[in-house]
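Multiple structures follow.
In the two complexes that follow, chain A is the common piece, with chain B as its partner first and chain C second.
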Partner chain A sequence: MEAGKIKIALTGNPNVGKTTLFNALTGSRQHVGNWPGVTVEKKSGSVSYKEYDIEVIDLPGTYSLTAYSMDEIVARDFIIEEKPDIVIQVVDASNLERNLYLTTQLMELGSKILIVLNMCDIAEERGDRIYIDKMQELLATPVIRTVASQKEGICDLLDKVIEQKEVQQHHGHEIGYGTEIEDRILEIEKVLAEDETRDTRYPLRWISIRLLEGDSNVREKISKSPVYDRVIQIIDSIDQEEYEAEIADKRYLAINTVFPQMCTRANGKLTKSDMIDRVLTNKYLGIPIFLALMWGAFELTFAFATPFMDMIDLSATWFAEYVSSSLQPAWLASLVGDGIIGGVGAVLVFVPNIFILFFLLSLLEGSGYLARAAFIMDKLMYKIGMHGKSFIPMLMGFGCNVPAIMAARSIEDEKDRLITILVVPFVSCGARLPIYVLFAGTFFGRQAGTVIFGMYVLGIIIAIISAKLLRATVVKGKPAPFIMELPPYRVPTLKTSLIHMWDNGFMYIKKAGTIILVGVVVIWVLASFPWGVQYGSEDSYVGSLGHAVAPLLKPLGFDWKISVALIFGLVAKEIVVASMGVLYGAGESSDVLSDRLIADSGMTALTSLSLMAFSLLYMPCVATVGVIRKETGSWKWAVFAIFYGIIVAWITAFVIYQGGVLLGY
Partner chain B sequence: MDISGTVDEKPDTRLPMIFSLICGFLYVILGLLQMVAGAGRILIGTDFVMPLSGILFVPADVIGSFVLLLIGTVFLYGVMEMRSGTYEGISYAYVGILLALIFAVIYLLVSTGNMLEAYLLGNEEFADWTLLSDMKPGIYLAILPLFAYIKWKDFFEPTTEASFRMDLK
Partner chain C sequence: MNEDQETTLDTLKPGEKASIRKVRVKGTARRKLMDMGMVAGTEIELVRNAPLGDPMDYNIKGYHLSIRKEEAKQIFITKL
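Moving on, here comes the complex of A and B:
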């Protein structure tokens, strides 16, 4: 190994500031949020410091290394298999005791450990005192004080990392589990050692302990070993649950012995967070407050953005007109004017909404309210057959379904996780927002904010009903009990929120310039050919395509142009709006898209409602289908999600449209 | 102010209680008015005019009325708890203040958007828009909570997660 290279891994409990530290170290912009389970995949970055190239890996947060959830396996396998030079455990100083359990497990992994005492600002402000020297001595590991959010202690940490790289592997402290268990551990270790072919990256003591604790993941790992049967014999001879409990007890005992020596805490009093939680998680007021805040957020997303949208819309329309009249030949003018500017412009109009949406979502995440929302909904969710934690991916889905589905990884129970993955696509994401804003804005005027809010609620309701359905049929069983740490409330920093807003908003713009642009050009070509037909008329290819599916969609109130938009929307939902822009963009009129929709689409408030609902539900976009496949590990569920979505969408839109017609709208 | 003051010493909750009572009633009453105005508009039609709605700037907005009622309820819930001697009832006053301010800010931002529409873009739909068009109870009622916010600022200071026990005089 080269002398100048160091590889370090950041591990620790969820929400202790690992990613914040990672960003401070490497200058990256990984997603930070004030709730447990933000990071679900390992991320790497690097920093050059004093002639060293330091590679930093940010791991998902874990309370233990027990392999209860996917996160824990990811973190554990990384530490053992990739053997980083130094494993850094980031510890929340204001919650030290709860972080030490992981420390006891890390010590057994046989890596060089360094403890970062983060969030010292909070602990100190509260009046806790932590004796760092004593802590280093008791844990036999170096301890560094940091405040990652203010980049304090970063250089100290890097200096320590370099220093530690040079020292020889010293033997850290280990926890003794009492004679009976220790004898068993030795016995297993001995048997395992006989296997010459074994994977030496795994410390024998650690494997033995894990086996005694009944870790099926480890069991599987040694299942190919020639000594497997003998090991299993030993394990089967003991009362496993009793051993597991005993081992955990011993760890807590060790923590309880060392903890009081290294820390004195200020009097436990009611904190501000406790007081706020008393109200926000109140039995009766919790859900109404949540709904009211959500409504306010969508009101804002719509109403505050309107003038900015109008500005973009006006300039796009003006630009399209200018291009159409000055470009030659006519087909080129039509491609650029009707096609590209009309289509991509129709999507770009909604950039202000998207920015506001992501800004508000980041407030939701950064304040700590997200975790409360899950907590409030847990009771209701449990009745429906979903885990309270599932509510977090659902709310994240308001931004984009793809990371939301990945966020489901922090759900321990496999069935709970599967259900969450399958219902998250019904949650309305940012890409669908333009559809609502366009149609609600066009047909509902001042009520638009409320109609949009209604669409989001509809998405959640359908998701919840689907969960119930899935529980009753394909994924039988009961949700696991809800255990989640509620992080303290924080005032989110403007900088983090702006970065979050910009990064996500920019992705939307980028999408408009790539995949949507391609989609728009394809639609334009199909609308202009065969040669000689009138642009976008029924005789063009789009016309035939639209007419082919229109009968299926007619009961929902859609004509052939909408059918075309919906077909292309399968790729990315923004394309629904883009193709409206292309198809209704023809002609000399200088009106903005919404006026043209009223003028020539023959749509009414009712059809627009049915269309909004259909677009919301009718199938996850391509990227979401991909991530469903990846996260469930099979095409089966991805295909299921597609068909299930289409059926649900059709039924819902049918009920809305036909119901409306019956009521005389 | 002694931050680490003893736990048993119960601060005086009279002032927050009176404050919550007033705020609670105001929000609930105007919430009800707004609901009647909104429901009347839906049931009877646009010529339904509720008495007082002109002077009090009560819009015909049912959903908005739920927000007012909710804020009012939070305040009154706190009064109930404080009356029964639970010091923690004061939490409701704080959250009530926060909610009142959050919604006032939302309404003000929406109104700013409308102002841009009217004056900057000259949108015809907003031709007769004036500064008072968007005035509503959700905005002017928040003045009282705003004063309270300033007075009890320590609580709302963003930096600390410190345990605290405040002087409420």
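Moving on, here comes the complex of A and C:
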């Protein structure tokens, strides 16, 4: 350990406040939410404190060192492989018994640990009493009291980290597993010790216990050892299931013997959270409330945004007019006016929607309702071949598909996870919203709201059908068991929600200023050249490009201009709207885009419906394809997602358009 | 007595309490349940069923744990 440098890792059960503490320590703004499995990757940050550079690593939550899901594997591997100087176990004071189970495992591993007793406010409010001195003595580990959400105890923690840096820790309490198991442990230890080349980072006792518990990861670790065969012989001779149960029993037994000395629990009182649950997960009210909440969120996203949108729209129009009348030469005026302001402006109009959308999603995450949604929907999800937990990524998908697909990491079963990753792209994200608002608003007038809602429902229906299809073909099998902790409800902190809203909303703005801006300029250039053609006419490059693919899309009711918009929309779905802005921005007319669409585009309500459905479904955006590749570890599924999406979109739009034509629309 | 031996967790009614005897769930779920506190002798209470009847919301060691009936059927208990 280099002087002045300390590396600490935050570990602990899911949802105990590790990330909240990490943010408080390092000043970062990592995602916090009131449900288990928010953090799925390790994140690092640093803090300088009293001449020390402290590197802090935030890890995903885990209930034990036996890892089941991808995020838990990250947490376990970090603790076991990287061996940070101090392992900080964040413990939920209102849920001490179960939290201490992980403590017993960390102690066996021989890590230098420090316990952070977080959420003390909740425990105290409930009337629990925790005797910290006694706890330190019984666990032979320093214990710091914190309320991470209010930044209480942060300095105490840092002081303790520095103090502990040099201290040699001896774990007083080793758990005894009873004569039979202890004999086996000794036996294995002895054999292991004969291997001179062994990895000395791990205590022999720990390796032995893990082997008896059937930890395949540890088994692999010693697979190169010359004594491997003899060790395996011992392990094969025991009843693994019996041992597994016995070891877990003994750990909890050890906790139970010390627990009453360090904590007295206030009993029997019905907490506020329990009372809320009586209503929200009520047999009769549960589903109606869920639907009402979804509907309400949808309505709010539009209702609150409208005045702001009008303001942005007006200023963009005014600005475009001003620019086109004052800029010289004419081509520059066209680039800035038609291209940049027309295109990027068309996307920026929707910034208010995006902000509200993320704010509402953050409230959902912070309150603890997200876990209930998974609980309420599990049975339905099971019927369509999905896991209840998949519901969380799907809801997050309404914001942005990319983090939603990453959130699937907390799903234990690989098949469940794969299906989730493949159907999330059909959940209509914020970037698709501008498309609906523009076209539904233009062609459906007062029915716009219903049409937009219908698009969201269409996405969900396609997701359901796809899940069923996948289960019947490429990912056969049943969803894995549902095992999930339901955290207590909390009042979401305004600050967290605002940060979440701002960070995600700002990303949308940034996207408008980068990718979309580039796309818009490219389209403008292609629409203006070759030299001398009329801007955006069929003779321009854009015209040739559009005409090249238009035959494929003609049965869906799309002309060449829409085809162009859809091609560029592959990069980011907002570009569909932006390119409409560019392509119909020509001329002196100062009307807003929707008036121009009605006047010039030849589109009808039916084509716009077909276009909305197609844009919703056809191929995930580039960022989503990238994350599918990364999360599934192969191009195979990413390519599958692209083609599957295009086929589904084509069929759906075909049915809508041709059906509509048949019906006489 | 024999009848009692066969009582499983799914037979619990809301508000009823029991003590866990044996977790016979198969696969990794078994281990996960034990890690989360489902070990012999632990007290468990059914809080409620989900609105659609499944899964269940249990109270164990002071927190809420949700599992499906299918798994609950493989967990043996003694009613309290």
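One rule holds for everything that comes next: the second predicted complex is superposed on the first by the 648 of 665 C-alpha atoms of A that agree within 3 Å, B and C clash if a C-alpha of one lies under 4 Å from a C-alpha of the other, contacts with A are read in each partner's own complex, and residues count from 1 in each chain.
Just so we're on the same page, contacts are C-beta pairs under 8 Å (C-beta built on N, C-alpha and C of every residue); 3 or more make two chains touch, one makes a residue touch a chain.
Small disclaimer: the values here were computed from a predicted structure and weren't measured.
Q: Applying the touch criterion given at the start, work out whether A:Thr450 contacts chain B, chain C, both or neither, answering first, second, both or neither.
A: Touch status of A:Thr450: first partner only.
Q: Pick one for A:Lys630: touches chain B only (first), chain C only (second), both, or neither.
A: It touches nothing on chain B or chain C.
Q: So in the superposed three-chain picture, is A:Pro307 touching just chain B, just chain C, both, or none of them (first/second/both/neither)?
A: first
Q: Of the partners chain B and chain C, which touch A:Thr281 in the superposed model: first, second, both, neither?
A: second
Q: Quick check for you: in the superposed arrangement, does A:Tyr63 touch first (chain B), second (chain C), both or neither?
A: In the superposition, A:Tyr63 contacts chain C only.
Q: Which holds for A:Ser94: it touches chain B only (first), chain C only (second), both, or neither?
A: Both partners.
Q: Which partner does A:Trp295 contact after superposing on A: first (chain B), second (chain C), both, neither?
A: The first partner, chain B, only.
Q: Taking the two structures together, which residues of chain A meet both chain B and chain C?
A: The overlap between the chain B and chain C interfaces on chain A comprises residues 94, 282, 285, 488.
Q: Considering the complex alone, what residue numbers of chain A touch chain C?
A: 63-64, 66, 68, 94-95, 97-98, 101, 241, 244-245, 248-249, 252, 265, 274, 277, 281-287, 375-376, 378-380, 382, 388, 412, 480-488
Q: Write out the stretch or stretches of chain A touching chain B in their complex.
A: These residues of chain A touch chain B: 94, 122, 125-127, 266-273, 275-276, 278-280, 282, 285, 288-289, 292-293, 295-296, 299-300, 303-307, 310-311, 314, 450, 488-491.
Q: Would you mind writing out the residues of chain C in touch with chain A in their complex?
A: The touching residues are 22-23, 25, 27-37, 39-42, 47-55, 57, 61-68, 70-71.
Q: State the interface residues of chain B toward chain A in the complex, per the touch definition above.
A: 3-4, 7, 63, 66-67, 70, 73-74, 77-78, 88, 90-92, 94-95, 99, 102-103, 106, 109-110, 112-114, 116-117, 120-121, 123, 155, 158-165
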